[in-house]
Amino acid sequence: MIVIMQSGASEGQIAHAIERIEQLGLKAHVSRGEFRTILGAIGEKRPAHQQILEALDGVERVVPIMMPFKLASREFCAEDTVVEVAGAAFGGPAVAVVAGPCAVEDADMFARIARAVTRGGAVMLRGGAFKPRTSPYDFQGLGEEGLKIMRSAADELGVPIVSEVLAAADVERVGRYVDMFQIGARNMQNYQLLREVGETGRPVLLKRGYAATIREFLMSAEYVLSRGNRRVVLCERGIKTFETETRFTLDVSAVPVVKRLSHLPIIVDPSHAAGSRGYVSALALAGVAAGADGIIVEVHDRPAEARCDGPQALLPEAFEEMMSRIRAIAGVLGRDVAGPQARRRS
Amino acid sequence: MIVIMQSGASEGQIAHAIERIEQLGLKAHVSRGEFRTILGAIGEKRPAHQQILEALDGVERVVPIMMPFKLASREFCAEDTVVEVAGAAFGGPAVAVVAGPCAVEDADMFARIARAVTRGGAVMLRGGAFKPRTSPYDFQGLGEEGLKIMRSAADELGVPIVSEVLAAADVERVGRYVDMFQIGARNMQNYQLLREVGETGRPVLLKRGYAATIREFLMSAEYVLSRGNRRVVLCERGIKTFETETRFTLDVSAVPVVKRLSHLPIIVDPSHAAGSRGYVSALALAGVAAGADGIIVEVHDRPAEARCDGPQALLPEAFEEMMSRIRAIAGVLGRDVAGPQARRRS
Amino acid sequence: MIVIMQSGASEGQIAHAIERIEQLGLKAHVSRGEFRTILGAIGEKRPAHQQILEALDGVERVVPIMMPFKLASREFCAEDTVVEVAGAAFGGPAVAVVAGPCAVEDADMFARIARAVTRGGAVMLRGGAFKPRTSPYDFQGLGEEGLKIMRSAADELGVPIVSEVLAAADVERVGRYVDMFQIGARNMQNYQLLREVGETGRPVLLKRGYAATIREFLMSAEYVLSRGNRRVVLCERGIKTFETETRFTLDVSAVPVVKRLSHLPIIVDPSHAAGSRGYVSALALAGVAAGADGIIVEVHDRPAEARCDGPQALLPEAFEEMMSRIRAIAGVLGRDVAGPQARRRS
Amino acid sequence: MIVIMQSGASEGQIAHAIERIEQLGLKAHVSRGEFRTILGAIGEKRPAHQQILEALDGVERVVPIMMPFKLASREFCAEDTVVEVAGAAFGGPAVAVVAGPCAVEDADMFARIARAVTRGGAVMLRGGAFKPRTSPYDFQGLGEEGLKIMRSAADELGVPIVSEVLAAADVERVGRYVDMFQIGARNMQNYQLLREVGETGRPVLLKRGYAATIREFLMSAEYVLSRGNRRVVLCERGIKTFETETRFTLDVSAVPVVKRLSHLPIIVDPSHAAGSRGYVSALALAGVAAGADGIIVEVHDRPAEARCDGPQALLPEAFEEMMSRIRAIAGVLGRDVAGPQARRRS
């Protein structure tokens, strides 16, 4: 860290700051400029040290040098991490596509859509059973019943499933059914939940909070990693901006930025970013062109009857068309798209 | 709701939209303009209807007319709600001040600060026992031990306490100690938690999420209210903006806006908004001048040793000075400031 | 427009609102719901009408139905507009690439970079002569001298040039040299300037303001179009968000959104969005994959000596590599990339 | 500045960075940590140096230590600047209130409102003659005719006037009528205009851009100051946030932040921030309570007929009521409110 003293800081304040730096187990390095004294605090270990030093009299601000995360950082692990989930792989040479409806509505509907998207090239199924809804009066998902429906359809097709878990207390129960836990955008900083899925060792799809910076996103991944679970896949799903034509703004730059700062795989969710099916395919292609390791997309064959997020669901035909373009763009970047081979649950 | 058809929408699409409106139990009202057809959907009940209609072919967008919340709305209850918490009252003629350290560090420290702030005029004590921290390597609070420390100090002083509960599964345990549950900004949309504190009937201090609009804020209050718990106090604590000199931007306008849209009391947290003690008093006064029903503020007598948020903690003397100005400004608005009389836990 | 009356609006207020709607030359259409009365105001012409009606007693809010722009809208002109600039074309089947340094520093440097980028496939040269700089103490550009340098290099290579004009009073002078006026992001709402370049009939490259919505962006285009100048090319160059790893956040969704709302061509500027050369190529490819009609990119052969924006300038070799990938991705979408044929100034 | 090298930076890259620092006339100070080398660059002079160093190979990022502005800084001038404008004073012990309609519509209307607000306590009149409007089809102001109307009413009442100037080319003409130039939010970074009003030596009311940080705001003030004109009054008028119930979000924290960073006076514009008259008074009081040196507010006696911003205009009676509360709150802070004495144009 670098501690910038106020321009009028007294000698006593400077001495006290140096003493405090050393009490934290760091080495102080003093540099006196024309207007200000700057203290280097070498050997930093904990983000909290920044606040401790900022609270001192005479300190103007403290600039951290190290990234606040460690296990998630590219410095910690130079090589790309590949996360395998029952046959599907994220972060390797192939682009992986996950698809399915927003919410599981009933067994027929899920089976129908599951068949359509696996035929089209999806290597994993998505679907919501526990739905976080802004209004207490809206459909909150089928709960465990929805997970059973997903599991059964997935087993028949030989593909893995991912579904959201909303609270630490639900992890055990949801874990009985899913191959991969999804942590939703609203829960990106639900630290109990992050620790709990960290303990399971099971793959985690971590969505970026819609007001989170990439650093905060990687700090949340660090919570999972710090429990010994290295199987984290990041997901950029759009951030809140002033633009209202789209539901969120897909931050496609997050893809190369994450690739530089971290070794973890990153996929893109064009459906929640767009909020409207007319834009989904363009955003999916942009994500792949920017280097994403995969796409997670909502598909519904009867969107006007969907109980949730109908406006943003792709029709199966549009999904297939998008897939053929994703394959071609992946090819331009020297990648391919993971194929829909039969798989077994690991 | 108002359903705006695309300018090229076909007669068949219009007819289908009308049919769908009626299936939802609403009355359709057709208005054909020069360029577009507009459908009024009268009798709206559920926020989800908007998405259902937006998913139809030929529909451009759907504009809701009613506020998405009901029990929280001023229309539902014209009179101001007063929330009483063991002697302290929010929303009545008096401005209520809640104060204490960011985190409970040990019994001595809490008792010392508790005495100072009640002497200065605080009618409730605050303190964190379960701390949500961005980094897994930072101090996470004393947990239940911290709550015991708070309870004991509060009982001695005869004032109530508020502390954050982080998950639905913790509500029962935290409820054994606190007079009022705090739902933190990061949990404003943790719907399981909102429902759970709703079930208790106990007072809830609900903080606004830092990227939430006031409507979303009131929707979260609706979750608590819809479980039959009317004892909700809202708290504006700063929203995220591009400004970096302050940690967040206190949205002081939220005070008169909430007063217009809702009957619930609203208080202001200048400490988390400012992030720096030099700005806390100015923001507290601004909040009271704008009509806030109270202030919640962090105080620490040794901020340079604080384990959390030291830079934003007021010293006890600064707290007292601020209190005397709050009293004077409350007086200008025809209010007073609730005094530090002895109280018992209800 | 739709005028939503307050739930307690009196009959007199409703009658007055109807009268006022008719005074504005609109037809009023009344719809009485359970809780509120809604007035349709049919035949809307001017954005200002919204404010006039919102100022009336008893009116809660006014919802516009029509887009606030007309000449820029897809409804006004269903077919894509192609803007030709001295041989380069934006909006047709080919993707057009514009390249050059941030600022013109001297004749040698500009000629060197101009040769490199046209060899690499750029069909137009960019370069700043009048630079808007946040600090009054920074390099403000060579001014007219810079334009002369650009003109001369361009004439030699037979390609057109684009450069920023900062004020209405400079339009005539800058117009002596450039083939296309650039309106910078900070001037997107400089209405005098927009009107002035509108009067010239010359092609205009209009950059999106970094806090502007797409609707506001198209309203600014409307200013130019309303003066009879249809030769407007839009440029998405990144919007301000909370993310700080990139200078701005490229809103790649703006590409398909503009394509739906408007007939005007849209290109993408990955350099200013990224702020760092390591991300430029990924963003350029994302833009083309999303359907952009072109790319404008900064290139410098000695970025460490650049007087402006060195960190984001691509090296010529990286530019060539990016171009070969742009060609391949354009191919996937059934487009090609305009070639570097010799051209003359029209 | 502090230059943070990448963790894998080579010795050659470090040596080159040191050399480049010295070429810029700065002194390099090397500090080698466990993972990275940090270079202090002492004696920084120009914001542009940051970009030059960031463009070097092996450099991760550059952290500036000094504020980018100088003449505007509290370090440059410890004492509060008081700006006198023909009898009105900003920044001294008294709170100054400026009031008037959004736009000048005709002579009668302006005279009527001018009399009402000066009677109520305004010490300066505001009014728009050149209006920047989002739509080319909206009322653009009366132009020079509007300024004549303002001048004449002001002379009769003996108070000064402030009105917006939109372009550098208009400064001379507008300067014939006004006592103080207003630079609008959209022009906060119109550097030609800032320089031009700087040259006049006339008082300038500089509004904060709605997406600008306080540092950028002070950099814009620096443009005026750097031309030798020290008579700058800053105005916080609301920033863009996700909140839509208010037109902008008044950043009341900007008041104490500016007071700490700068010696310039700062006033608050509650009208544009609120966008709705029901919130104006609460925001004005909040601004004064936070320490603002004044308020600028829109007043209209027939808001339903206003050609611009009718919904946010206070009625004269509401203005008077607000004034009496402003006086009381100013009193709490040990200030008074400048009275409406007769004045002459200086």
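Here the chain labels run A, B, C and D in written order, and each chain numbers its own residues starting at 1.
Here is the rule we use: contacts are C-beta pairs under 8 Å (C-beta built on N, C-alpha and C of every residue); 3 or more make two chains touch, one makes a residue touch a chain.
Bear in mind the structure is a predicted one, so any value in this text is a computation, not a measurement.
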item	value
Pair sharing more residue contacts (C-beta pairs) when A-C is set against B-C	A-C
Greatest separation from subunit C - chain, by CA centre	B
Rounded Å distance between subunit C and subunit D, as computed from the means of their C-alpha atoms	27
Chain centre separation (subunit A, subunit C; CA means) in Å	31
Whole-Å separation of chain centres (CA-atom averages), subunit B against subunit C	40
Of all residues in subunit B, the ones touching two or more other chains	211, 240, 242
Residue ranges of subunit A in contact with subunit C within the complex	211-215, 239, 241-246, 249-257, 260-261, 273-274, 278-279, 282-283, 285-291, 325, 328-329, 332-333
Of all residues in subunit C, those that touch subunit B in their complex	2, 4, 7, 29, 31, 33-36, 38, 40, 42-43, 63, 65-66, 75, 240, 242
Residues on subunit A engaged by subunit B in the complex (per definition of touch)	20, 45-48, 51-52, 54-57, 68-69, 132-140, 166-169, 186-187, 189-193, 195, 210-211, 216, 219, 222-223, 226, 240, 303-304, 306-311, 313
